[in-house]
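In what follows, chain A forms one complex with chain B and a second complex with chain C.
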Partner chain A sequence: MENTEAIGEPLKLVLYIAGQTPKSVAAIENLERICASTPGRYAVEVIDLKASPQLAREHNIVAIPTLVRQLPVPIRKIIGDLSDKEKVLVHLKIGN
Partner chain B sequence: MVAELRRRLDEAEETLRAIQEGEVDALVVRPSDRQEEVFTLEGGTASYHAFMEAMDLGAAAFDSKSRLLYANKTLRELFNLGVGIVQTADLQDALDDKSRETVTGLIRQAGEAKRTAEIRLVGGPQDLHLQVTAAPLRIGLDTGLAVTFTDITARVRGAAAEASERAAHSIIASANEAVVVCDLDGIVTHANAAVAGIYSGNPIGKRFEDVIPLVLLDTTGLLRASDLVALAVGGASVQGIEATAPEAPRVKDLLMSAAPLRVGSDKASGCVITMVDLSQRKAAEKQQLLLMGELDHRVKNTLALVLSISKRTASTEDTVQGFQSAFSGRIQALAATHNLLADRSWSSISVSEVIAAEIEPFIGQSQSRLQLEGVDALITPRAAIALGLVVHELATNAVKYGALSVEQGKVQVRVSLQEGEDFMRMDWLEVAGPKVAPPTRKGFGQTVITRSMQYMQNGGAELEYAPDGVRCSIRVPIEDVVNA
Partner chain C sequence: MNDLIEIKKSPTGIEGFDELTLGGLPTGRPTLVCGSAGCGKTLFASTFLLNGAREFDEPGLFVTFEERPVDIVSNVASLGFGMDDLIAEGKIQIEHIAVDPAELAEIGDYDLEGLFLRLELAIDEIGAKRIVLDTIESLFSAFTNPAILRAEIRRLFDWLKDKGMTTVITGERGDGSLTRQGLEEYVSDCVLLLDHRVYNQISTRRLRIVKYRGTAHGTNEYPFLIDSDGFSVLPVSSLGLNHKVSEERIRSGVPDLDDMLVGGGFYRGSSILVSGVAGSGKSSLSACFAAAACEAGERALYFSFEESSDQTVRNMRSIGVDLKPWMDQGLFRHIAARPTFYSLEMHLAVMLREVTRFKPSLVLVDPISAFIGNADQLEVQAMMLRMVDFLKARGVTGVFTHLTHGQGEAVETDVGLSSLMDAWILLLNRESSGEFNRELYLLKARGTAHSNQVREFVLSNDGIKLVRPYIGEGRALTGSARRIQEAQDRRREFERAADAERKQAEISQRRQRVKAEIDALNAELEADELELGRIRQNEEVYEAQAERDRLLIEQSRRA
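Let's turn to the complex of A and B:
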């Protein structure tokens, strides 16, 4: 049986990073690994706040790296380098 | 509203916890009067980025999990990585399987100590040789790795060129052929050891045509040694020209080839002349020509002899059977001497051998019926053939009418050399045979006996039909006696 969550609209995620700080790089790679395990489930946008700091305003970002689940609402934020995969998956789950 | 406040409070607490636990390394600060700014914690990255950019070799920083943190401009250019953010995968994609394995292994091991390896990048306009060094590096709060890529292509190329030059030198040095290299002006710049066979001094620095004064064969005097050099320097390749070097110490017959010397560019920078020693081949050719002439001469002589034997036998025999028997007997006698000569490669053979070969068909191996006395001299093929025919006729006659026609009859042969005489004497004496009467008519056999040795003035034979046995005194010209 297919997981019902896997078929609907992809979850829209935004990852905020600051250039190539170690945590930013780690967050990108960890997120890629998570996305690769369920292809098509996530639509990811990466925003480099080092290049355009004003974009932090939209989601009120303070700490970097931060992953934002933009859709579906309500918005969820996960702070850190996303190395704890289980914790990330729990936060991203719909209805949480 | 309360829910919203609670959510924001949760978020603030989470942010604080994340900062405290070191899960973030950058913060967004919003000064009231200005736009947002991003501060990286510990300030580490900016300083090491600046440091890496200042390096003129390719440099990259990896975190403790082997993730690429930063690649400097030189490295991005080296690997054609573009200007944006470079990720671990981009760098990996820029390497082929072998190089990737080398670099990955290096990064894995370098956590303990500095490691170095070499890789090769293919696919670009030219192959790149890189020396990769990985060493531990402290980045902010973390430990990571600094990896540098140094372009050593020029050094590798230089070493390869040097090795190939050494190889070229040793090839020239170990060639069996004499090899001379000249510059554009025809001055000898290199010469290998084999050149010593053609020129005894040091040829370096001298003009080629002065070192080796060659006479080129089959070129009607138009082509000279200096022209060979000029042709090769001009870009033409000349091959297989025979030449002689009359003044050469050892090797005088040569096979010459000349070709332009091209080093790197298309334009000739000199020429290479090789000279193969033809002395042995020339000697063999001469020997072969000599042998062919000799063979031709012998075949003609033999045919003339056979023709004359046939004609004379026919004129003295009355029946076809008689002719057949006499003719084949004489041809066999000729063949017996020929066989002996062929066994000795047509050098001289001994008198006793000739006599034994001719008499054997009549008396078999029986030693008692033939007594051979005196010296056993070596005679030339010419004398051997004539003597063979004479002995054959004497033996035929002895078997038909003389001593060999009865059981107790014998033949004595005595060979003697007297000082002051210009011939070697051979006496044929038949004993214990029937009473001899001179033949009623003179046959060809008699002619053969008396005339065969007369090819020279001091040669000949006298036949005497004495009643108690045939006697024959044969003179072999001293010129044809090789060794007594």
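Let's turn to the complex of A and C:
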């Protein structure tokens, strides 16, 4: 049930990084691992703020890396390298 | 000699502060401004930024972690800063860094590179030279990992220094430390402490430079003021007794008073105390001084702690002193404030600031006794000393009124002011035979011979007049008593004159009478002498006849 719903409406995630720092790289790897476990559930976009810093202002990003769940609303933000997979999943579900 | 380059300083444009720090805040370095809530940290920071953009051509970035940009614009709008215009011109930018802990989860390691990127972007956009972080401590409530945060804040300050940004960081006062989160450990160059203290229900704002590395600075607490002119620090320092003196005399506006002083009038730059009981005419006399200064084309500044400006103007019109035209011409300025409005030191500071701004040649303080209710005498005395020194150093004449309560023979002022003053005019209001009469004594006038006699002080429609009292019978009389005595004297004089005239007339009549008698007797004498002559003549005729007859008889007998 939950699975079909998720597949029909993938969670829209945006990961903000700033260049290829160890933390950013770790965050990308961790997020990829999470997505790989449930394919199709997540639509992920990675934004490098080093390249477009004005997006940090527009999207109000302070910490790096930041993972933002844009859909469904409300917006959720997770900061850090996402090293704890279970915790990430819990936070992505909250409010859904 | 060492030729170390002095620390470069960026002026803040805050009145008084740049003088105090000999130039402003350290250029390219962070300054921490800390203090409790509501003590003016944000205002200090925004004034620094706005003045930089407006006057020193240094664009500024305002980074707010708490208030929204619209709030910041409207906060300073009330102080006459057109922040909107500066933003439109690209001289000021506000960067709102909002972090809501509720929507944030921390999983794993992170840094604040996003903040750095945003600041860099904003700095580059306007070419900022100055930056304000208000207040960075908010981050501590948003992020739960203090170790990361501290490392990042340290990195931020280093980064700002590298970029050569003159930075102001605000921080809330914590228990036992300058700021709650110990921000002072990151800022080692300049730390300012703003304070807001309440004493006797009167609050005073004070600023102290806790630390300013590599430069001389004042270490005292200085009162500062937030009013419609923005933020101003008011350094109050005691000046020495090395002021120049003037030989020039000034008019007091009461010609009779000037005449009491040999040479005519008081010295310019002297301090004049006018003391007296309620209703003895202190304010009126002060107003005369003010009007006289304005007539001479000079400026007069009147600090009133009892009457409003309109009230003073109206009341002084009743004695023929119209201050309104002078006020309109900008020669006369009247500043009214209740003594309880500020603390003593703040009053002093405000007065000094106004004197500096208005540059008067005459300052009137009416009355200084108003302060005694709010502070102890020593403080008032110290304040007056500073005021007097300040005025003397500028060659400004000071007229201070003082309300006394008793008017016994021992005349003393409550604040021991007499020694500070060069001249002392004592006004009395004496009751005698059912009426009060004002009297004026010139108790002292340093360096001027003066009359030691009492004068009757008469307020009339056309100014103040000093009337010489009735002197005689070992006492001086004033008012009706003087007039009665004068009338009596006139009457007595008249009677005496009439009496003398009558006596003169009597004597001259008597003399005439005697003269007439003498004339009569003389006439009698003359008549008697005539008679006597006639008798003698007759006798001779008779004797000759008798001789002739005897000869005839002899002849006849012989014959």
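Heads up, the rule we're going with is that the second predicted complex is superposed on the first by the 86 of 96 C-alpha atoms of A that agree within 3 Å, B and C clash if a C-alpha of one lies under 4 Å from a C-alpha of the other, contacts with A are read in each partner's own complex, and residues count from 1 in each chain.
Everything that follows uses one rule, which is that a residue touches a chain if its C-beta (ideal position, glycine included) is under 8 Å from a C-beta of that chain, and two chains touch if they have at least 3 such contacts.
All values derive from a computational prediction rather than experimental measurement.
K.L.:
Quick check for you: in the superposed arrangement, does A:Leu71 touch first (chain B), second (chain C), both or neither?
P.N.:
neither
K.L.:
Quick check for you: in the superposed arrangement, does A:Leu89 touch first (chain B), second (chain C), both or neither?
P.N.:
neither
K.L.:
Is A:Ala63 touching the first partner chain B, the second partner chain C, both, or neither of them?
P.N.:
Touch partners of A:Ala63: chain B and chain C.
K.L.:
Could you tell me if A:Gln20 is touching chain B, chain C, both of them or neither one (first, second, both, neither)?
P.N.:
first
K.L.:
Report, in rising order, the residues of chain A that make contact with chain B in one complex and with chain C in the other.
P.N.:
Shared contact residues on chain A: 18, 21, 23, 26, 49-50, 53-54, 56-57, 61-66, 74, 77, 79-81.
K.L.:
Residues of chain B touching chain A in their complex?
P.N.:
So the residues of chain B in touch with chain A come to 7, 11, 14-15, 18-19, 23-28, 30, 35-38, 40, 45, 49, 63, 65, 67-70, 85, 87-88, 139-140, 142, 144.
K.L.:
Would you tell me which residues of chain A are touching chain C in their complex?
P.N.:
Interface residues on the chain A side: 16, 18, 21, 23, 26-27, 30, 49-50, 53-54, 56-57, 60-66, 74-84, 87-88, 91.
K.L.:
Under the stated contact criterion, what part of chain C meets chain A in this complex?
P.N.:
Going through chain C, the ones touching chain A are 95, 97-99, 103-115, 117-118, 120-122, 139, 142-143.
K.L.:
What does chain A use to touch chain B in their complex?
P.N.:
Those residues of chain A that touch chain B are 17-26, 28-29, 48-50, 53-54, 56-57, 61-66, 74, 77, 79-81.
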